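Same chain, two partners: subunit A is paired with subunit B first, then with subunit C.
The block that comes next holds the complex of A and B.
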């Protein structure tokens, strides 16, 4: 397990540049390589870095089935500036890629690392089939309900255990779609009412269409470096104070349907590393997976920001609004930015970096110094990844 | 040569061991973007396009919007001749479904004339009627195009490359 860097052997690690292309419901005017190239150029400009000379390692987060090519990592280097350099692929969320980069820099192996994640869901004509393909082939995949039903089973269990109403969960969606209006990288900003959300079609009860994040295409590139590099560059660093990832279980039969245990496992590790004992008072801004609206509440509770069942009241009291004392998903979340799949974690990171470097414009949360990003790998996983970032 | 191992019959493989079948129906439609769309549209017109990097002065084929060597944007397209040189080739006797061909297909990497610094091009097929003993690395070749009305904007708008007589 990762420990807090101590002494002279472990180096502090910062994010020194983030570039985003998208997100849009579908990016059909650029190839995936061109999309990533555009995100990379923005990231390297902000990081004041030449990728051909100053980056030691590149980490691309992508999956063969999402990209439509086996051994897809072979196609990752060129568009990142990583031709004939050290490149690896992590088939996971962008924050999992950042954790690998963190270790490579903290141990002193490399000075500068680049992490990239992308979504090209519009290149898939059968995205539901690919999601269905992730289900256990012997048991779960034999039934024809969509993968959303797995999330519906979870929502049902969560609501039953903690008495959370559909009305409250609809308010998560209202807030996040509205927040997305001010976020230039968000694909689905809109003003919707609670009634609008509750009026959308039932996909798999108790889950309605308006509570499910729509797919979006986009790419995010993050440049990370050690303190020595930060000092030499004209950049505003955002420090990584804690980072972790964890999986509960692949089995739908034995998982905890109510409490998103994977988030608790992530928090246990990253909070220890970042010396967080009371997240609600020590963290100023939260970017939390809300691929399904109820997940925002469930994840906040699993992370220990609230006791189980108590996030709802904080939401309805307005505490999660941009002007509230615990702003959650000021970016618009996955609902508002669009479901970028393996890029969802870096969407959360991009918002925290914008907020902590003073580049969030009208979305700015005043006085925000420390932020928490939590990503979930989506149905049918119980896998999460967490990062705690700080301006200081 | 004897085949290694012990062959299982279809019945042994599929019926005498318990297994679960699944046939995913997975389809893609990759957007080809700015540079490769230009290239594919060119093929439809019987033209081969490359791109020039104004920083390192390379001309590459197929075109791209960035130079992977110096990471500069590539904004200038160049029309290249439909001739080139065989970089490497093979006589391929086995199809993707493992069945055997009597007459081999001949995949070859063609370096397109006019590309510079490091030659570049694409993998295509050689004319199956070239006598096999005449096919050599370094052989000069020329594209044989599909009739214009049959072209679709695909790499197969070129049917194959044939030997260019000296």
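The block that comes next holds the complex of A and C.
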């Protein structure tokens, strides 16, 4: 478990630069290395950092099947400016990569860390098969069904347990697609009505196409540093107050199908670290995984922002809107920005950093000082990662 | 001098195709053998953790809650009855193409177990959560997950 070490040796850790290339439904002009390079140059410019001299550790979040290359980590360094330097790969979400970077900086052995995550899913000619291949081969994968069926079973169990309607869940999608219109990194900003969402094709009941995040390509690079570096640089820091990651269980037989327990496990750890006892009053802005629209509500409840079954009313009362008292997914969420898979967590981080540094333009949430980013690794996982960021 | 800015407005003219076939045989393990041989005899075999009393169906070599080894526990035969905990009608196959015959998948809690079993629901028009179901066995069994054709209303 991550806990803030007591004593004087622990230095605070900040994000000092974020660079994004994409997200677009398909990036067909840039190679994946060119895509990452462009995101990296933006991040290093904002962080006032020369990666060839000032970065101590690079962390790339990617996996072989997604990238289409075995031992894909071998190909990660040069586009980040990390050739012949300390580079590691984490096969997980970008916030998991940030947790590793946080711990490395916290040791005192590293001053500056770089975390990168990307999606090149448009390069995959068989994305459905690759996701199907993630299912348990002995007890689940033998059935010829889309991997979305796993999320559909979860949606059904959640709705039944807490009395949440399809109409309310469709409103999550309406809000997030609408929010994405103002976000320059979002691939799927659009005006859609509740009826538009409910009219989309049923993929695996009760799950419809309009409530499933569409794939997108993009890359995000995040530069993190300790307090001493922040003082020396001309940067606007965003401080990491809490960070955690957790898995419920990979097994369909034993997982919690109703309440996204992995989110609760993440919150227990990160809230302790950040001294959060009442997230609804202590956090100003939320970026929450909504890969499937119902997940936004389920995750908010599992994180303890609401009691189980009570997020729906807050949504329909407009409290999650940009002008509401608990803005959720002002970026457009995964639905609006596009499913960037292992880059989804860093999409959430990019929005919070934009908001907390005053760079969100028309999307700005006035007075936002503290934000919460929560990512989920998608079907078939019960893996989540959480970060609490603050301007102060 | 300003570097030449190259962009592509159309689809790339050069792309390299590649892929590789991936095939495995997955070993079901010591307790998996017991489970699948049970199916061959049309039996639902489960195991209970002595330390925490959790009953696993399908059975496991170890308890994931308390990490106790269950290999030497007595494997018990459960009643052929379960409750639907959740269900979905799937319209797409694993490639994402439309299925010619959409079908129901469900999470079924077999009576006497503390876990759910992932399988098909059959012979049902409108299932519901809480529905009591029973397995329908194949005429010939061969120690396979599909020795059970599916679960139907009891």
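Criterion: the second predicted complex is superposed on the first by the 391 of 392 C-alpha atoms of A that agree within 3 Å, B and C clash if a C-alpha of one lies under 4 Å from a C-alpha of the other, contacts with A are read in each partner's own complex, and residues count from 1 in each chain.
Quick note on the criterion: contacts are C-beta pairs under 8 Å (C-beta built on N, C-alpha and C of every residue); 3 or more make two chains touch, one makes a residue touch a chain.
None of these values were measured; they are calculated from a predicted model.
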Of the two partner chains, subunit B (first) and subunit C (second), which one does A:280 touch, if any: first, second, both, or neither? neither
Once the structures are superposed on A, label A:37 by its partner contacts, choosing first (subunit B), second (subunit C), both or neither. first
After lining up the shared chain so the two structures overlap, which partner does A:252 touch, if you call subunit B first and subunit C second: first, second, both or neither? second
Please indicate which partner A:79 is in contact with in the superposed arrangement: first for subunit B, second for subunit C, both, or neither. first
Check whether A:365 is in contact with subunit B, with subunit C, with both or with neither, and answer first, second, both or neither. neither
On the A-aligned overlay, A:156 touches which partner chain: subunit B = first, subunit C = second, or both, or neither? second
Check whether A:52 is in contact with subunit B, with subunit C, with both or with neither, and answer first, second, both or neither. first
Touching A:128, do we find subunit B (first), subunit C (second), both, or neither? second
Please work out whether A:207 is in contact with subunit B alone, subunit C alone, both, or neither, and reply first, second, both or neither. second
So subunit A touches subunit B in one structure and subunit C in the other; where do those two contact lists coincide? 28-29, 68, 125-126, 129, 133, 137-138
If you look only at subunit A, which of its residues touch subunit B in the complex? 27-35, 37, 41, 50-52, 65, 68, 77-79, 81, 83, 120, 122-126, 129-130, 133, 137-138, 141
Which residues of subunit B touch subunit A in the complex? 20, 22, 24-36, 64-66, 68-71
Residue set of subunit C touching subunit A in the complex reads 7-8, 11-12, 17-19, 22, 24, 26, 28, 32, 56-58, 64, 85-96, 99, 105-107, 115-118, 120, 129, 145-146
In the complex with subunit C, residue positions of subunit A that touch it: 28-29, 68, 125-129, 132-133, 137-140, 142-149, 152-154, 156-157, 160, 201-207, 249, 251-254, 257
